[in-house]
Amino acid sequence: MILSAGDLQAVILTLELALVVTAILFVAGTPIAWWLARTKSRWKGPVGAVVALPLVLPPSVLGFYLLLAMGPNGPVGHLTNALGVDPLPFTFEGLVLASVFYSLPFMVQPLQNAFEAIGDRPLEAAATLRASPLNAFFTVALPLALPGFLTAGVLTFAHTVGEFGVVLMIGGNIPGITRVASVQIYDHVEALEYGEAHSLAAVMLIFSFLVLLTVYAWRPGAKKA
Amino acid sequence: MTKKHIEARFLLNWPGFSLDIDLTLPGRGVSALFGQSGSGKTTLLRCLAGLERAGEGFLSFKGEIWQNGKTWLPPHRRPIGYVFQEASLFPHLTVLNNLQYGQKRIPTARQSDFDPIIDLFGIGHLLDRKPDRLSGGERQRVGIARALAVNPRLLLMDEPLSALDSARKQEILPYLEKLRDRLDIPIVYVSHSPDEVARLADYLVAMDNGKVFAHGPLKETLARIDLPIRLGEETGIVLDAVVAERDAQWHLAKLDFPGGSLWTRDKGIALDRRVRVRVLARDISLARDNREHSSIQNVLPGQVKAIADDEHPGLVLVSVKVGPSVLVARLTKRAAHRLDIEPGQSVWLQIKSVALME
Amino acid sequence: MKTIQTLLLIVCCLAASLAHAEKIVIAAASDLKFALDEIAAEFRQIRPDDTIEIVYGSSGKFFTQIQQDAPYDLYFSADIAFPEKLAKAGFAASEVKPYAVGRIVLWSAQMDASKLTLKNLTDSSITRIAIANPKHAPYGKRAEEALRSTGIWAAVETKLVYGENIAHTAQFVQTGNAQIGIIALSLALNPELAKLGDHYLIPDTLHEPLAQGYIITKRAADNILAERFAAYVDSKPAREVMTRYGFTLPAKDR
């Protein structure tokens, strides 16, 4: 099964996008999940709901709003304009931003669950052993939540790879920049090129399966001996 | 006075629970916070540790202010050791790493070798294990050792035995007694078990419904029958005694306490050793005269100090002075009436059994 | 008792009216969105009992779906090649009828496109040009042909962003994310879009004709309403609507 240059480009672009988005969300999603897991603030509900919104919003709706927001007349557009940066639609950066927002619940929710499962006790124990809250987070919460991080990372990565509607809406389908594999498959199908569609779909399927298999085979909780 | 003591004032209002404390604890020995579950003893302990922050509060430890108005020392800055009900070891670390966790976070000047602690708790062979491969008793021993490894100036223990079955309790208790005798730092010990309190405490703080209703040195406080400390069958007093004589023929030992002596089974404790003796109220009968022919070996003369109603309307508690010591007996109201018990009356105490606690 | 009789009567009446009312589902290319909506609205006034549902989308997608027995009774394609292939494969119950020829325009919500020509697209101030995906959208194919025959394809290719269909392409321009785009005349003439900006009609000599055609599908072979609606599309009032939306119509007498 040999992919055309265009298909290969789309696959590589997809993986790049998924990696960048997952990396950003590890950094951005962890504090949000931590805050959601531990706060008693009355903002917990509203913030949790906003984070979960992409789960219920149809991607086309989300994509359309992002297109408006990032456009020259939208708030994000004004911001990029003021910063002297190119407008975000039809750029890789724009896709990253949209995907970060769209995949946010897939990072935050497993992490939040993992943090909540740890409970207060280990952190209190750390505090009585002279660990500052930040120190306790890195030496106790983080190692204990490792399986949660793994799940969150895999879900985020997989979800970004499988993202379609939002990318279609704001990407503009530019080869090498915003034409990811899911869009490429869709184009093949639309152009009645079923053979190419099959090949690319199969590559994505096998790749995703292998990633998931690797992750599930390697469980950090399992004893080495 | 404040230089040697722990002064604590906390006012805390939660839905369905409030804590209102104004307490001074001795700066050495074991202070037991005693009460039913829900009485607020654990919350008080957590306020001392800084794990809970009472909106209004004051806390000074031997003259150092830990909490006062806006001043509030977070728990990781307090020189405490804390033992949780369940050991709460870090599951991802080995026993050794658990012990080192706190130790490497204290100033080098205060760090000390923790081999003696490892020896004291007999956990040397467990150092490489992860907590999930320890028994409940082993886990709690490591938990206590971990709290001591930070070389604390105040040790806080939250019912360290309550999660263990009675065999495990008997396994740990001797370690705690050794700890009490060797450490010269104050220990605040939360418990709802009269037996543990009688064995370990020097100072008793009795709590109910978020408030302290009695506190004082253990012996005096237990002998006060005017306080509603509800111990039921466990009502009784504690005496400090010395092993004065060992009778090889009958396997008995004579324990001298201020005001008298008691015979008990010889448990092989060496002469002149200081021991703690617990005498339960239900094990003492009172008589107007000394009947020679009785199976009861320990008969002491005393003088009635006070009479008070017990929990059951048919029962009374009678405190009796034996020299400078005070013992408490439980009688039925009818017996007290028939014997004409009243303060100042001379009586004989017939003591059926005593519990020797090394 | 009386209520039950009344209820029975109502149910009978409903059943009777349902028996007479017909229903069709039409699959139509996105460029027909405004024109066909108007035509259907007028048709409904004439025959209020019948139900006409229209699904808009890409012609290629409908082509695939009809091959899989999708429940469409009429298929209006933006590219007559699709219905022709269906007819050849036996999926049609009628001959393929051309109903209009589409036109493409330059349209912008930011500048006055009526003062521009295709050549202006190479201007450096224009950084984003939206066209429909030439790979599968008929309007995209024609846009590419027009750009190529003007000789500017290579110069503008890097500026192009591709809409999934012609309506999506218009959306890129409408939101200002693309400064200009090549869209269907029928969309640019819609008041909603026309008020945002004028258009420049791209000469139809620059590209293959956008011959559009429809068929009645095999599943609607005996559906009188489908035939009736097809006939209505060929009627004078319907042709007026189509003309108003910029479609060139085939000669009346075929």
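Brief remarks follow.
Just so it is clear, A, B and C label the chains in written order, and each chain counts residues from 1 on its own.
Here, a residue touches a chain if its C-beta (ideal position, glycine included) is under 8 Å from a C-beta of that chain, and two chains touch if they have at least 3 such contacts.
Owing to the predicted nature of the structure, the values given are computational and were not obtained by experimental measurement.
In terms of inter-chain touching, the protein chains here are arranged end to end in an open line. Of all chains shown, the one whose average CA position lies nearest the global CA mean is A.
Averaging Cα coordinates per chain places chain A and chain C 36 Å apart. In whole angstrom, the spacing between the mean C-alpha positions of chain B and chain C is 88. Taking each chain's centre as the average of its CA atoms, chain A and chain B sit 55 Å apart. In chain A, no residue touches two or more other chains.
Chain A contributes residues 121-122, 124-133, 135-136, 139-140, 143-144 to its touches with chain B in the complex. Here chain B touches chain A in the complex through residues 49-51, 74-77, 80-82, 84, 86, 88-92, 101-102, 105-106, 146-147, 150, 156, going by the rule given at the top.
On the chain C side of its complex with chain A, the touching residues are 58, 60-61, 63-64, 128, 130, 133, 135-137, 160-164, 168, 171-172, 175-178. Contact residues of chain A toward chain C in the complex are 64, 67-68, 70-73, 77, 87, 89-90, 168-170, 172-174, 187, 189-192.
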